[in-house]
Structures are given as structure tokens and as C-alpha cells.
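Each of the next two complexes has chain A plus one other chain: chain B in the first, chain C in the second.
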Partner chain A sequence: MNRESIGVIICSCSGRNLGKQEIDSITQRLSFAESGIRNMIIETALCGEDTLKSLRNEVEKKGISSLIIAGCGAARISGVTEKIADALSFAPSSILGVPLFYSEGAESEKNKLGINEARVDKAVRGISRGMNVLTSQEPLEIEEIPVVQRALVIGGGAAGIYTADALNRFGHETVLVEKKDSLSDYGIDEKKLKDLEGVIIHTGSSLVSLEGSKGNFSACVKTPGGLEEYQAGAVVIASGAPVPADPKKYLQNRFGSSSAVPLFSLATAYSGLPRIPSLRRIGILLDLDRDEGRASTQMALHAAQEIQKPNAAEVFLFLRDARVGSLHLEELYDAVRDMGVTIVKYSGEAKISSLETGLQVTVQDDGLGVLTDYTCDLLGISPFGCAAEEDDPLSEITGVHLDDYGQFQDNNIQLMPVETNIPGIFTAGGGRGEVYSPKVKQEALAAAGEVHFLLKNKTLHLERSEAQVDPDKCILCLTCIRCCPHGAMHVNREDGVAECSTAACQRCGICAGECPAKAISLPVWTDEIVLNQL
Partner chain B sequence: MNTILIIGSGISGLSAADFLGSLGNNVVILEKEGSIGGKILSYCCKATDSCSRCGVCTAHEKLADTLKKKNVRIITGTDIKSVTNTGEKITIKAERKNPYIDQQKCLDCGACAEACPENCISVYRRGDAVQYIVDYSKCRLHKGQECDVCMKTCPADAIEGKAAVKPLTLTGSDAFIATGHTVFDAAKKPRYGYGRMPNVITGLELEEMLSRELDFPEDVSDVAFIQCVGSRDPVLGRNYCSSVCCAYALRMARVLKYRKPDIKVTVYYIDLQAFDKTFTRFKEELLSLGVQLIRGVPFRVDELESGKLRCMVEHGNGDETIAEHDKVVLSVGMGPDLSSGEVAELFGLKQDEYGFLSSEKSNVYVSGTCENPQSITESIASAEAAAVKIGEKE
Partner chain C sequence: MEKKIALYCCENSAYKAAACLTGPELQKGIEIIKLPCTGKMEINLILKTLEQGYAGVLVAGCPIDNCKYIRGSSRAEKRIEKTRELLKAAGIPEQRVRMEFLSSVDSHKLAGAIKEMKQELEGVMS
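Then we have the complex of A and B:
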């Protein structure tokens, strides 16, 4: 964009903030600056309706096609730039607000009369920088992408069912994919299953591939009846806690004894059943490989309560800390302790060794400060405390990052609670880490809300600011496809070059930095603009 | 389109407003205080050279986003007088304190703050989140005098303020209660000397201290955190874990160590709550930085003649840990907001034994820390979840 077509408006709100002398000084200094500024407009009340009319005339007369508005913070925060863009029918990106924060420099009264050099300096710097940005920036094309009116939910546990149910109520076509042969009602307090009428459910099925980006994913689902292809606007991963495929076998491999069982089954096995005489000492071990939270604690306390209630066996609960951070969990903890369950808070690692008739747990008792052995006929272990056996294949298929523990979603506050590194893919429930059961529903609804937000518009209007691949330089080494954290790069099979998706690109610049052939550039942040900003 | 009335403009109320506003609903937020954003705005960012995922920054973004929404109106300084709910329609009669600054019309020119003869208008500025806040206690209008300087000065007509209060009537289809919490008053645990000993402060005061200045006082080289002050305490009628105090104390311990590496930091705890997705790593990092984690909270804090504060912890095996600290930070827990009883009565809500709120009405929703103690991300999720339920109804 050339400098002649850029106008600069300095707003001086009835002259209260910048004095006349100061404005003169700014004008003078800017017109001496490199190439000069041809179109300087001084306004006294930019926000008024009358001003907009006269501004339109002036802009037309001078042939201005983009504007810098230097004024109070309104230039940035109150939608003034949008309002002016609207009135002049300019593209929003061709108007740049430069806030001058007059009040900052106006601390001392005496400066009001003369020239406050600091203030003038700041204005000159801001406007020059704005000029540099506008001159080196080409207007962006707007791409209209249709949003596929369908959502795909992976996982038929509590989180998946609540998500699918909410999406169904919003009126979005929803496909639910569950690995097991039936949906699980664990952790669901209402009879929801029958409400899923209208949801397309595939049990005994799994996602085998996912391509595309926000608004337009294409998924391939392996069902008992063969492969099914689905287009979807958004995806929710609600794959649940990392339960090993065969828990018995896993625990056998891990501890060399079948006396270790998953905590889930321990709790259900004991509810309402008569005592099992051979099992006299039952242990529940939390925080095995890593610290657990409220969900595990709650599950452990319930199990302990169920076993202790009919006095079926002596119960030991081993944990590093009692994670009771929720209303009424403390009361449950107190109740379980008062029932006679032995609670051992340990520090460091817990060691488990196999005995002929059971297991031995060796822990450093934190209260007594001594190493103690406990023998148990049966030991319950929760999946959240165990390190994952291997990374979830869903991560590879969807490109969603795992955190340090192999759980879905990076540990990044900007993404929490339910977003992931891939725009358009959300995650809820135990798959993203241990989630306390009452919060699972909240997360599921939040994820459904985000999906609804995406699907409710039939199209996405996106600025074409994604990374650009120069087809002449690209050698298809796949570096960009491997390094893109947002899954935005893919191969254009027709031309045999890499290509970037407008919807998925987050303009981080990693691909441009990594490309060995220097074939990738970012349209908004060219080197020239970055240098100008410095 | 429906109008939704949100009570409270903290992180939970703002998240709901942001979500419901984006779906096209008209939203009115009623805020009791003179400023928008609630308590979270006084908290500090708890990053060192890496983010500790406390979530405080999300509030600034939510505030900026909500202020930009044209279908969200935020009314500060509001006292609710009466509520009638027919099940279809909710009518709220309220009184708004003047001068009232419409933050969405405000141009951030600073003229009102400069012009106020009592200096009672201040600016809050974090990135795009900008608001002008009136201190009613200093304002002439509230001292029974007449004054309209700010109103006349404002070039954008964003300030209203003839009389001291203005009656308002608002109607909507649904009400969203997000009135937040009040922290435990540490003076109610006199053994810790809060209020008597100047070097005993609360976690909140440390938050404010760390957000205000980068340098921790020179002469402070040993800081201790005491956890569970006013939490997990049946004697005080607060037999629940406030769930967020371990998070803020440990994160601030990390910040202290980062800003002043030779400082000694001790955390006295009962149980450390896992607050982060990768909590074990976080704990390991703290230990490697030299933060001392001691199980057991001191029975009392004694002020020595030297000005040091002595804490003693007795362990299960009879051993004792005695240490002297320069500053003791009390990790005070969340309790129901002081206004909870009033809000419950106005909107016909249920209060549990501790005073936290829940709703059984089909058009009144409760979210955030007025429901139970919860973290920032949990508050956002609970607000979005409740907002989704409103969205589903249409």
C-alpha cells in the first residue's frame, strides 16, 4: 500500500488532551519524516455522527483508502475503528487504531499549557509505526468456508454421553463412537441413555482416521459392519480414563499377581454382596506412579465404605495426601476414618511385592516416619495413578497433543477447560486428566457449548492469513507437516506440494521457521513488518 | 431473543455473559461493586519464566471481550431490592449508585479522573481490559453534597450522576447467579495473630503485594505459608476443603523463589491437593527449588522479641519442627459470600449447611464459587455448562 493513500486522523477531543502547540509539533515532525504524510486530518470529536459525514467527504476527496486513527484508548477498545470502517465502507484491516493515552502524560498541570515532549514523542512514534505497518501490509482476502452441520463425539462414557445429549438438544446431528460393545452409564446420575434418541451411535467401533480442519473434518470410523465415512464440523474427544484393555492382565504383568484389581471393580464387587471369607485384608493404593485427585479419592472412599460397612474385611487406604477438595468429600473422609478404615499417608514411592497369598505394600509412613509393611489379600488400584502403558492411538489419529502424562490436551491455561491444540477438536472428561465426577458433566456441557458455537453459523468467514507455500520451492520433505502444532499442514496431492488450511492455521510461524527450503511465508507477519515494529 | 439477567460480574458471570452474548441473547449483568471483574482482578499472575496455569489472565481477556459485546450491558453499583419470578419472567427492582460510568461508552480519555474534585475515580488497565472505577466512599454525591463534575466533563456522555442513586427495573427470562465467595476472616482464628502481628498476612494480601510490585521487601528472607486456615475445621463449622488454597499458596511459593532465589519458603499443610493436570511434576519442581513442604499445621504463631514469628509443628511420632519466619502467610479458604443469604431469599434458592447456593427453579441457574469452592478454570466450565442449559431451552 502506498503512503499517499493513507490518511492520518489525530483526534483531540475538544482540544482537552493534546494542546494546539502539541498537535502542531506532531504534524511538523511527521511531515519531515521519511516520505512524509500527505493526508493529515485533525478532528475534534471523532466519535460524533456529524464528524463521520464530513470525514467521508474528505476521505473521498483525497482518495484515501486506509486510515490511521490516533486518539484516546477508544481507538482500540470501544469499537470506534469498526464504526468508522463501517461508515466509510473500508475493510476493518485497513484501519489502524493508535492509542495515545493522553492521560498518561498529563499528570502535571503545567504541561497542559506548553508542550509535553514525552507525549508528542509517543504520538509521533505510534503514528510512524502505524504507517510502517499499513504500508507493508496487503489487504487480506476473506474466505468463506461452509461448516458441516454434524458433530462427532468419540467415547460413550459419561462425558461422551452428556456431550452428545446436549448437542442433540441443540439440534445438531451427532455421531457417537464407542470402542466397547455398549455405552457405559458409570457416573451418570440421570437416565440419559434413552434421551440419546436421534444420535447416531456406533458401538464396538473406533475412529481410524481424521482429516481436514475446523468446520470440515472427514472421519473414517471402523464399525462391526465395515468402514463408515463421516463429515463433521467439530469433534469432541471424550475417551475417558486410560483403562487398560484387559485390566487383570495389565495388573498381573505389572505386579506379578492377580491380587491387584482396578478400583472400579473393587467398589462394585462389594456393594450388596456377602463377605468373601478368603479376603480378610483389603488394601486400596492411590498415587502409585503419580499423584491423584478428587475423583480417585472419592472412588477409594466409596469402595472402603462399601467393604467396611458389612465389616467384610479390614481395609487399608494408602495415599500420599487426602485429596478432599470439594464440598462433602471431607465429610465422607471423616466418616470412612471413623468407621475404622486404616488410612496411611505415605511419602515417596510405594513398593509392591508379590506374596504367595497376596501382596505386600511397603510405604514410608509420613506420620510416624517409619518404613512399614502391610500384607493384603487384595489390592485395589486406580487407573489415574498408573502411568499410561502407551500413548492413546487417538492422539496420533487426530493430532491432538498429549500432556506430560500422556493425557489429552496440553497443560496450557489458554486451552482449558475443553479446547485442544487443534481448532475444532475439543476434549472433555477423564481422557484429559482425572476429573472429579460432578465436574465431568460440566466439562461435557462446556464442550457441547463450544461445538454449538462453531456449528450454529453455517459458514465461517476467515481472513486468508494462513502460511503460504511457494510451490516452486517446496520439495515435499514433510517437515512442516511434522512440526505444525495445529495440524494445519497437509499434502496437496494434485500439485505434490505442502498446503496450509486457512481454518486450522494459527499463524505461529513454526513451519516458516523450520522449512529447510525456505518455501513458507506468513502473509501478515513478513520480515519487513516485524522489522518495522521494532 | 431472551434477556438473561446475570448477578455478579466475576469470572463466572463474565464467562456466562460472553457465551450467552455470543449466541445472540441480550444479557444484563448486575454488579454490586463499583468495578467489573470481581475478586480475580486483584490476584497476581503466578508465572515465573514459565506459566503455572493459574488462570488469572483469562479474567482480563474475558473482561475485555465482554465489554466489546453490544448485547451485553453491565451495570455496576447495583443493590437488588426485590425479585419476582413467575417462572416465565423475572423482574428485578434495583437501585444503582451514581455516578455510574458506562464502561462500554467510555473512551478511556481520562478526563473524568482528572476532573474529579475528590480524586475518587481510578483507572484499571490490563491490556485491552480498561475500566474506570468510582470510589463511592469518597464521592461527594454520597456525602449528601451536589456535584456533577465528572458527568459534565465526559465527552462521550458515558457518566450518569445527578442524584446519588437511581431506581431500575429489569426484566428477563432467566436469572444466572454468580455472586462468588468471601474468604475466611483470619481474625476469627486468633491463635495465628492476624490483625495483631503486622507480619502475619493472608494469601490474598500476598496476591495483591505480588501483583503490585515485582520486588519482595528486602528484609524478608523467610516466608511460611500455613494452609487450611478456616478450612477443614469442624470447630469453626467449616468442615470442608476449600480446594484452591494449595494451588495459590504453592504457585506463589514458586513465584517467591523465582523473584528472590535465596528466600526460604516453608509450606505447612495437612494434605496437598492436586490442582494441576501435571501436579506431581509441579511438586517435584517446588522441592528442587528448595521449598520446604511440612505435613502438619502449627497450632499457633508466636511473635518473638526480635520480631520473628515462631511456628511449631508436632508430628505423629512425637518429633517437633520449630522454625522462625519473617512473614507468615495464612492460606484462607473460600466461604459463601456474605450476601448469599440475601440472594437465596430474593431468588428462592437453597442454601446448604455452609451457606453455598443451589437452585431448584427451572429459570434460575447458579454457577461459580457461590455454588461451592472451585478454581478459575472450574468456574469457567461451570458457567459455560449452566449457560449451555439456558441455550438449549430455545
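Then we have the complex of A and C:
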């Protein structure tokens, strides 16, 4: 890389940065040293819009092709470099942020005359290191990846329909794949189906394989008429909640009694019970295998209300925590409690044993602090609380991780709700666990928005900074393919080596760290660059 | 001169925490190195660092469940464990390599870990 085209920007912003004399001292030392720096720009408030404008002019005038930005603390510098890279349309690897840690220089000290040698030293060292890094690496190629202008939505339930509808309105070609034979099985009315005009709908179909990465997936869909191949730029998984396929049978088998029924058929089962002079004891149990949310709570409260109303039964509601975080649910909860439903908050696991007639629920009562038994003639159990019998096959086909409960959701705070571990694949609705019904539409819109954000660019301009596999060293042990969390590694069948996808790679370097043959390296994070920081 | 500790930080969490380390006694004797993710931390990088004369290597990454790259921290943990085994087998005090999990606001945890490591190293290196 041409050394003369590297520019250095030092931010003299009024935040926590250097005093004027210190900046003078740094520029002096850098220009005296054999650093080869020709372009030095001192700026105030780098993050401001006005500054960016003047910066763009200056960079163009001087013909600068890569930049070192010294300023801010470590927490902010990456945001600032990203912003500047965006404004100047620089490739990410040609801009390097050098954070200046000034914690030892208190703000009050900054305005004092005089120079803090330690701080100046650190800044000069940081900038020189940055120069080393930039000069030691070749400029990376930019790859243009065309984005296939089509979205694939898997699942035709509420979430899938809303997503497809939104994508249709955004003007993207959309393919909807649904397992069931008709969308009307979900209670979708004619009007809604009419809205979906333009969406390619395959009912009675399922996804067989999905390959490729963000912007360019190729999917194989099994339809009643045979296999269909589709290219798609993004995929939305909107499959159903991971609940037992036949909850009634599942509960009967699990507890060995027909007194355990799924919550949604509790009212029917209750009305079928023969009348007896004494009160019936009816239980409703939530949070059996996993914690549930507002949708289950709402369903349970409604069921309790319905059975309790004629005052012919004694209703117990067992839950680990009442999730009533919405105005309407809060009111419903109060109403149900006032009606006389006994609400038992328990901790730990609920034990259910079958009796001659009915069931016995043993829970650690939170309020009383003792282990308590409750006998119930009938127990309604929310199917959303039951663990899925088997993993959703979509997980294996798409490579999207499932959590401990079989839900399409990594237990990770860094992922937004509709994001998955694989870039370009999003998820909405029941597949990510039980969702409160008013939230389904929001979630679907969020997923559609993400897809729109991806598809609106006709091409992705990506730097070839993804993990590089040395074909001479690769022994195809498949370690990288197993450990890549983003599904970016795959086998190049022609050459018989592993290969990394530019679009899917997130440049984390896990594969480089794991590769037993040391065949993988990250161009912007080579061992040399890392050790250079020492 | 006192031997230093090389502090390898994930840029998403620990690097930000390291930026907030205050006080000369904490900043003295450590060298902060940025990594894209602790998942990039290779065994040979640790060994090379020790070879260069550093007293210890402290690898600091995101909490296991909250790694930006999902599995980076858990992968790194295994590798650090392996490195400690290797060092032990070679007769080098295993306390020279250590891993910490913290988020970007946990600079107090990082400070604690550095202090503790310095003390441990004083014990085994003398």
C-alpha cells in the first residue's frame, strides 16, 4: 500500500481528549519519527456532520486512500470509524481507529498548561502501530455480490402470512411455503388471502434443503407437484411453536391419566364431567417444562374465568410467575382473583402424580413456603409449557440454532429478537417460543423490515476480508464447518478444501483459532497484526 | 523492569471495560491487545506472548451466553484450559494464563482479575 496515501486524523474534541500542547507534541514527534506520515489532519468533534463534510473534501483533495483515526475512548472509536468509513465510502479495513485512553488524565488536568508525557507517548505509539498495520497489509479487493430479489417465507401461520403480506407490500417477490394443505386451516379469511395476491404460495409443501448465504440462498421445496428450486436473497422462518404434535395424547401418556388435558380443551372436558353434589376441583398449570409468557397466561386466565363463573367449581391456577405485563392482562388477572380463583405461585418443578380419580399436583408454594399437595379432578396444562418431542427439522436444514427448549432463538443478548445465528435468515412468530398474539404482527413486520433492508440493495459491496483458507494446508477435517456459528464455511467440492463465504462471514476468527492445521487466517487479524500490538 | 501482563481483550466487551481502568497501579504493568473475538485467541499466540517475556496472559471476553459471535467465548474457554494443561505438563506455572468473562461495564471485575493475577504471579514467579 502506498504510504503517502495514508492519512492520520487526531481528534482534539472537547470531550476527554488531549490538550493543545499535547497535540502539538504528538504531531512534532510523529513527523520527526520515521513514520512516513505525510497527511496529518487535526479535527475537532469528529463525529459531527459538518466535520464529516469538510473531512470528505480534504480527503479527496489529498488523495488519501486509508485513514488512521485517533480519538475517543475504546468504547466509542469503533462507532466513529464506522460512521466515517460510511461517509467517505472507505472499505472497513482501510480505516483504523486508535483509541486514546485518557483515564489517567482527569478532565480538569486537560486544560492545564503542560504536557503529560505518558499520554503523548501512548498516542504516538498507538498511531505508529496503526501505521505498521496499514502499511503491512495489501488493500483488499471489494467483491460485488448480487442480491437475489426474492424472499422465502417458511410457515403460513399468522406470523408467516403477516411477513409475506408486508414483503409483498414492500414490492419484493415472495414465496410462501406451508406444510398444511390450506392456509384457511389457520382461520385466515378470504380478504386476507386476497391481499396476498402476487405471493407465490405452496401449500402442502416443505423445505428440503437450503444452501448459500446472505443475499444468495438456494432452496429446494418439496411441493405436491414435485421439487421446486428457488433462489432467494433472504429467508424468514415462521414455523409453529415447538409443542407436542398431539398435546392430548402426549399429556395422557406422560401422566398416565385422562384427567390431564391440554389447556385449550379444558372447558370442553369440564362440561363433559358428570355433575356431583360437591364442588369440582379444577387445576390449571403453567410453566411445566419451561417458563411461559403472556399468551399462555392470557389463555389460562380466560379458562379460569369461564369455569369459575357459574361458581360450580373450585379453580386453582398454578404458575411460577404471573406474566401480565399489559394493561388488559393486569385487569383480567385482578378480575380472576376477585372471582375466587386460587392462584398458587410455585417455585421449582411441579410434580404431578395420578390418583384413582383425578391428579395430585405437588408444588413448593412460594407464599406459604411449604410443599403443598392439591388434588384436582381435572388438570389443564398449557401445551406451550411442554418440551417439544423432537427438534424441528428446519433447524438441521437451515443451520439455525435451537435453544434448550427447541425454540428458534439463541439465548444471546447480542441478537435482536428476529435475528438468528445465520446472517440473512430471520425468524418470527411461534417458532421462537410462545408469542403474545398482539405481538405476532409486530414481530412479523420486524422480520419483513430486516428482509427489506437486505433486499433493497441490489448488490452487496463486501470487502474480501473473510477468513481465508490455505488450500495447501487444509486437510478437510471439517472442524471449521462444525465450529462456525454463522454457517459461513462450506466444502468446495471441486478443490476438496474448505471455503468461506464472503457474505456470511462475520470476521470473528473462531475458525482461525480452531483450525488444527493452521490453514485459516483472517486478513485483518493475522498473528502478526495481533502480536504487533504488544 | 517489572514483567508485564498481556491483556487480550475482545473488542466487543472487555476492550471497552479495559478503557475504563483507572489508576496508575492498574494501568502499569499491563499491555492491552485487541481481538475481534476471544474465539480468535490461538494457543500459539499465548505461547508466543509468553516467549516474548510477558509474565502472564489474561484473556478477557464476553460472558459465555452473550458472545457477539455466539460461540466464541465458549470455544476460547476450552482452548485456554488446554493451554493451562500444556503449561503444567511443561513445568511452567499454569497461573500464567487465565481467562475472564465480562461485559463492557464490568471494568471493576477486570480490575479485580488483574490484581488477583498480579498477586498470583508474584507468588509463582519469585
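General observations
Quick note on the criterion: the second predicted complex is superposed on the first by the 353 of 534 C-alpha atoms of A that agree within 3 Å, B and C clash if a C-alpha of one lies under 4 Å from a C-alpha of the other, contacts with A are read in each partner's own complex, and residues count from 1 in each chain.
Note that in this section a residue touches a chain if its C-beta (ideal position, glycine included) is under 8 Å from a C-beta of that chain, and two chains touch if they have at least 3 such contacts.
Quick caveat: nothing in here was measured; it's all calculated off a predicted structure.
By the document's definition of touching, of the two partners only chain C reaches A:510; chain B does not.
In the superposed model, A:149 makes contact with neither chain B nor chain C.
In the superposed model, A:465 makes contact with neither chain B nor chain C. By the document's definition of touching, of the two partners only chain B reaches A:326; chain C does not. Counting the residues of chain A touched by each of chain B and chain C gives the higher count for B.
Legend: residue contacts after superposition of the two complexes on their common chain; A:411 is shown touching both chain B and chain C.
Of the two partner chains, neither chain B nor chain C is touched by A:492. Comparing the two complexes, residues 73-74, 78, 99, 101, 103-104, 411-414 of chain A contact chain B in one case and chain C in the other. Per the touch definition, chain C reaches chain A in the complex via residues 6, 11-12, 15-16, 18-24, 27, 31-37, 39-42, 44-45, 48-49, 52, 54, 62, 65-72, 75-76, 79, 104. Interface residues of chain A, counted against chain C in their complex, comprise 73-75, 78, 99, 101, 103-104, 401, 410-415, 421, 483, 485-486, 506-510, 512-514, 518, 522, 525, 527, 530-531, 533-534.
Chain A meets chain B in the complex at residues 13-14, 16-17, 45, 47, 72-74, 76-80, 99, 101-104, 106, 166, 169-170, 290-294, 320-331, 334, 345, 365-370, 403-405, 407, 409, 411-414, 416-418, 432-434, 439, 441-446, 448-450, 452-453, 456.
Here chain B touches chain A in the complex through residues 19, 22-23, 51, 53-55, 57-58, 64, 67-68, 70, 104-111, 113-114, 123, 128, 130, 155-156, 232, 239-244, 246, 269-281, 283, 295, 315-317, 319, 352, 354, 356, 372-373, 377-378, 380-382, 384-385, 387-389, 391-392, going by the rule given at the top.
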